[in-house]
């Protein structure tokens, strides 16, 4: 049994980690920690039927676990990570603290000094399908953001294969409200979101942009600029991105689909839909799947990729558990099917 | 032209007052005030296309208006009301401050001393259809709560006519989220409300209960205890109450419907549906109408009243404007159709 | 391995049976049948990532299964049931065909002659928690309706214990739209349901009423008439019923809660919430749990029971699988946790 | 008073025409017609409080009206239009029958011969802000589709001014479900739409594409191909389009915004938002406004236009009434504010 601890269980991502680990056949949850919820039980924090004690950070028995999941605000995460690593505990960090390799990039996008630049070198970007060997032996995983997970799983095969032509790549992405976290704000107030659709941070200003481009450029340095338009949907969960990709000469819709099918043929959690269909939010919500579809627009020299994930599962907690499975050498699908 | 001022325009009810007065043919809005939004324009507070300056309370030119609408938290309202009355300005208060006639009842339900017990005597309960003569000449209107408006418009005719038999009356009421105000909280977070239905303060513990019973008992002192179950719906606006009323001997569904039809025959904003139909939320949302229907259950000696209002219009701002129309002797439907 | 077949897999309940059996560790799905969807794959009927062939009824290899689940319209179900029973296959029928013991009651409520009155005697009402011994040895299970499941799990303990006083019991029930089935109609059109709440068939006219009363009266013949108000919520799944129960003399809220706790202490799928809390839709959706809470209203001599289930799981497919588990002597929670 | 008749009042667009004309100070509705709803009253077709007789087409007194609004399926519309024109009645057609100038284009996109090619020459495309002179004197208005209205109001100023650079223009458009009409189908079933987002007919295959390009090319023949991705949102009303436009050399975000502001400075129903903001669905829903915003992406040589309309008002019935106002020489905002 893998002994696991969870920090930040009172948020949506942390609770989703709990939910997944709870039914994982090879994991025992040793503690669930939350500063704000310390001393309560899960049933007091969420409308659930199961009880589980929630402890403060100080009470969390770090010496009794093999791995911790950090579902904490950026900045806070790094200090808990350091403490855990010092005790020999492996860390899967769902915050943004270890995603950008360059601390100056972190400073620019997150408006504060990087809290642990010395740990950046060993942090492994946990996009499971594209980083397995490094994940296997990692002590510290930077679990990808939700938008980057969807975008990269769609684009990396094309970037790597040279299928992308010159010009901007447009990622028109729509997310459910749980992506904004559980802290109440006017932006997440029911009456403001209901029957609405709100673009925000569109263009090249959202914090997930450098994360996406860092990974894309690792595979293809000459790819055009990304235009990234996040939009808030009146749904609780899920991301659907509609991605407009200029094709390199001689590439066709059929070749792109074949490329995706080939790339992901053995992947348990990526599904490529057949010709003539598109991905919808519903395809993935409630699962750890990433669902992809390709629609050609030959008149414009483009393909449209539609890609769907559950932002809290494949986009956060599910991918974190998938990474844990890889790190501990157990079946990658354990607890996730 | 009636010169009006609005306090609390950054909340849902205050903004709805603004929206209604803005298209009212006989009203000029002199100021819109908000402490939190002072110095901004409406278009910065709400996604609207119109601009209107929002001032702080201190800047509001109270001496230039004939009437003020107070969409403020209870406690705060009373002090603004006192100030306005002192300057000869008529007051329509949408808070709870002047609804309960007995200051000790206020203290029990709102957990603080009544902020202006000396003004209670002259406050008129603004349930328009049932209090017109007093509203006409009132200086201070206590605009009814949303649940009480729906409940009383349904029950008062029966209470007055002696149609209610012994035993509890059950008001199973469901409200949209705007009823909870615009201040963000976990209870109004989209992810908590979406795909959910949450009873709260059920039984005899909600603050609207004494308001309802005070008015019912004014018409019929022997009516049974009310059981009142508010429930939060995943919609932005609207209240639907399903009310279970034990009938007095010899009363039938048909007689109750006829009673409602007769009572409200000349009312512009109350509609009684025909036999075999029920009220739905959609019947009233976006309007100042109260929609009523009667369904008999002879095997149980009961009728079920279904009643629907828009909580922000008939349940707040619309009824406030209706009261203003009555107070100033202009057509009651002005600005409301 | 239990070999199972599913009829009606293109509907919401049938598909939910599929989804549950698919992850059931002791079941192999031999066929999934649908007349309308014959020849397609599941991924053509639903936005899912898994493929499974859908066959017509004529192609379904009834001789190769141990049990069939019928998620079919009433009337159709009975004839498939007869055919299966004749081949020695056990039947779990999710339709209404075998729920009412009296064929004349069926004729009155379903407006047609009972299609198989000879099979009624051996049909066992599959309210698992209350009928385990009979379910164990049954060949034919009448799986309860969604509203009856919620209502009976809340009321049966009180009925049996004599806790119910004289007078009507009011069941104000709210259901998600999947309860209305997948066949398109104006009533299930998104634009009609969204931001709405619609009572329908309220009083004593809904088909689930005789089903509920038949079972209640089996435990307590003197219980008062039920008043049953179904209401359509703008959510996909879940039932929340708010039940108003007159108490017998000397019964209190605490005693009722204790009774429920005692009754269901060993039940894996019934959860009684602590004092001061209420059941919400979210408590049960996505699970096979029935969640119960008790709120006293001593001034009215009543308790309010709030009860929440997922209409497609505990109210249909989940309970069906639970019954299968009991019938085949395997752990009752298999495939359901 | 303008005497008006409405065909197709049982659908969402037809009913919205009714709702708007009903409060229009210079219009009298002479008849409301519907084949399916003939003989009923509006209150039987919609949950409304007002009654109005619905007649069959044969009973509609065409000789007593000045103008008719046709909210009918394409193909059907043309024959009613012919009949009305023959009697000297002016026609505002909300169907697609007269939008495409070339009957062979109609045949290609609508899969049938054009029903009235002889009337095409005199039909005027009713994009009010861009066709006023022709609308003034028109007998037959082809009221624009909902997506084309939003897209063209955003793009035409740029196309006309030469602000668009080479390369595809991408229109990522999201619509509420009322855009799909009131006829029940699996695509509009609440359970299928709720908590979902579904792209459909993406690329260059949606019927609104030729309508958009026909108008764009009338102003600028060299503009790049349009890529048009409609997506179904879980909301009842509203369209939000996010449009990615490559800029011609030397054009900047500021210049584009200034161009839009200048173009629409005197327009009562087009609002351009200030720098740093985006259009949301909520900006326009419930109004006849088109709300526009511009966000620059200089790194990609682009601007992103966000544009929001209410699909049933500015995208259908509201624009139809606006056109009627222009045709009859009354204030353009009459009945629409």
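The chains carry the letters A, B, C and D, assigned in the order they are written, with residues numbered from 1 in each.
Definition applied: a contact is a pair of C-beta atoms (placed from the backbone, for glycine too) under 8 Å apart; a residue touches a chain by one contact, two chains touch by 3 or more.
These figures come from a predicted structure and were not determined experimentally.
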{"item": "Per Cα centroids, the chain farthest from chain B", "value": "A"}
{"item": "Which of A-D and C-D has more C-beta contact pairs", "value": "A-D"}
{"item": "Where chain C and chain D are represented by their mean Cα positions, the distance between them in whole Å", "value": "46"}
{"item": "Where chain A and chain C are represented by their mean Cα positions, the distance between them in whole Å", "value": "37"}
{"item": "Whole-Å gap separating chain A and chain D, where each centre is the average of the chain's CA atoms", "value": "39"}
{"item": "Contacts with two or more other chains, residues of chain C listed in rising order", "value": "47, 176, 194-196, 234-236, 280, 282"}
{"item": "In the complex with chain D, residue positions of chain A that touch it", "value": "167-168, 170, 172, 174, 176, 192, 195-200, 202-204, 224-225, 227, 229, 231, 233-238, 240, 242, 244, 278-282, 285, 295-297, 299-302, 304, 306"}
{"item": "List of chain C residues in touch with chain A within their complex", "value": "23, 47-49, 194-195, 271, 280, 282-284, 286-287, 289, 291, 337"}
{"item": "Complex contact set, residues of chain A against chain B", "value": "12, 47, 176-178, 182, 184-186, 188-191, 193-196, 234-236"}
